[in-house]
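Below you'll find the structures, each written out as structure tokens.
Next, two complexes with chain A in common: one pairs it with chain B, the other with chain C.
And now, the complex of A and B:
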């Protein structure tokens, strides 16, 4: 059954002002500029204020959205927050807190999705389907996963990579961009690859690299085949920004140039589920972006890709 | 399994790590001493896994610092 009429109308981002400079960590981790520039690709990781909770990041993103477009709080009828670093203990769910802070209608459903780097693509499908099936018309999909809550500053695998940010995607019945097709994947047998132990993130970088480099191109090729589209026909491939080396590797394996595979790591780092919508935000109103593929992958292991088009 | 020899592994090394100077790197050269970092080595090992149809467990990675190490490792598999 085709996915009808619910799609993306606008996207807004909140990027905290504070930064940690990776150049200040070179001596600690025994790395050089070449490694930072060609492999990590991150000059600064963004950091929320200590008093900023995950819900506050979402609210700030929504305030940016209000300044960008005609979204009205009274008309919001669906709120979903993608996060694995919720407010406090996670009870209540962060979307309920966001709902309260925004003063939304009590008839509005609000729930969280516990996903990481694949979360935006999963979230698009979930919200689109939920809204369509329940006759909703004004949905907000938030991504806010501040890994600063769990990153060990002495862990070379993670301290150079992850930044804090939040995004909000406004979904309506008058979309500018329409997700038309999705593929999903889970490899629970490798759940151990990225995990949080005693509130500290632990990542097997090699395992994440191997999984992503192999499985993401396979899924993207399958998605395009299903939709009758060739690799050369897509205008933009928006990959989760795991690291520069990972993005470059996947692009190379697909034979795509840097012009088709944008990156936004330098000034904030890997913002988990926010990395794809942050890239997409700049393309929402770009008429040259007619056929896009979004692909998120990571913790779970979980991955998902979507083919997105611009309705005439 | 694909034929394993120093030449084939060297080809894979140079393909995976294009920045490596061909004339200064041979079968006895240390990857780490020639500046290959963890991501380079991950990429190299993935290429070897894919071309030889094997999996190289994490606990074996530190043993593989030269082409000769890899040839001996693959031959033993």
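And now, the complex of A and C:
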């Protein structure tokens, strides 16, 4: 059933300036350039300032949105933040703090969605449904999951990979891009593949890779079949940026070229739920991007894909 | 716009057996029976076992649901957990762990909503919208926010008040009760009224009281006006159980009697997002409960109300 009315009008990103260079960590972790270039594909990971809270990252993304387009704070009628690294240990929800910092209207609903790398695709769907049911017209969907809060700098599996960022997607009734169809998956039996232990991230990279490389292509093929679209008709496939090798593997298994499956790992790392909207941002006003697939996968284990079109 | 199709078929609760008696804390906090009886209205606060995680509370609630009705695990197609005290510091989301422990289908979407005392009302709306958009028919909405994880036993503002519990609401296309209308409010400018500091809860009880006693009656009157219903036509008003004095004050300001505004604070305390579904559970199959209002308020600050009817 195609989903009508509410879609994407604009996207803005906040990427902190500070970087950690992975070349400086080669000795510590006993790795070489080949590992950095072909396996993870990350030269630098982005890092928030110590005084920047998750809500601050969201506010910075919103300030960029204000410079790009006419979004009036007084008209915002829905605020959702996708995060698993909220301010203040999660009480209150980060969306309430963002609501306060932006000075939004008291009639504006606000809630957080706790999801990881599949969170942007889920967020689009949840916000779209919620806005339509309540007749809303100006929604903000934020992603901000600063893993620097929980990454152990001595853990090779995570310290080279995750970067900090935030995005905001502006959803309205006059969309430029329309998510028309979704598929979701959950494998709770493997929940401990990616988890926090005493507030420190622990990841079984091999298990996450094996899961993603198998399940994501299956879900994407099923999504396209449901929508009667061939793989060759897709202009862009925007994959969560788990690692270069994972993105390359999924693209290869689907028979898609690098031009169709862009990457943004190199200068920032895996930004969790922000990776897909950061890729999508540059395509929002690109008329060549008529048919897109978004696919996020990771923490949960959870995966979600959406077919997105450009209304005439 | 009335919301059709998806509504409530059943509710089940899990209330841990262990209790802390507030009479044993009178000396520590310098309080008397009058304070316990008329201000907070709590004799005992419920406490989970140390080995019971948030997901375990959800599973226990689900086991009660299975004893009450024919809910088939293989047919569950949506799982949402409302919590701000998740398992494993929030990674993964608790709904994924519940999904794994219940052995649900891999096509089942799962996500957490981070909201406090307004969370059940929000959760009903988010799940209802999401299920309808995706043509789903068997949803589980859990509430489980064990504040014992973050309450300082030496803090009079919180140690006497908050109890642990979990609930599950089963949503289907053949509902017994139908949430037909919602209103939401957010006052992010006062987000620090109820917050975590270094993983310990801190509450400005007076500020939360003043906010709730003013805004909740306004929202409820507005909700009824939108639906063309008079206050006297409501069979039950189910308020979040902030404290006895707060519930009594809101009821009084609306001119409603105690019979219309039930309470469940006495033997468990304020169970955050579980307080309203615990009240609603006993009314699901009560034909005298034809028109209800649910209203949750607190952490955020956030408040939400729903008008609920009984389909013929």
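One rule holds in what follows: the second predicted complex is superposed on the first by the 310 of 312 C-alpha atoms of A that agree within 3 Å, B and C clash if a C-alpha of one lies under 4 Å from a C-alpha of the other, contacts with A are read in each partner's own complex, and residues count from 1 in each chain.
In this text, contacts are C-beta pairs under 8 Å (C-beta built on N, C-alpha and C of every residue); 3 or more make two chains touch, one makes a residue touch a chain.
Because the structure is predicted, anything quoted here is derived from the model rather than measured.
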| item | value |
| --- | --- |
| Contacts of A:311 with chain B and chain C, given as first, second, both or neither | neither |
| Chain B versus chain C as contact partner of A:255, first or second or both or neither | neither |
| Which superposed partner A:210 touches (first chain B, second chain C, both, neither) | first |
| First, second, both or neither for A:153, with chain B first and chain C second | neither |
| In the complex, chain A residues that touch chain B | 31, 35, 39, 204-207, 209-210, 213-214, 243, 245, 249 |
| Contacting residues of chain B [partner chain A, same complex] | 37-39, 42-43, 45-46, 49-50, 58, 61 |
| Residue ranges of chain C in contact with chain A within the complex | 1, 3, 79, 84-86, 88-104, 106-116, 122, 125-126, 128-130, 132-135, 150, 182, 184-191, 194-199, 201, 299-302, 304 |
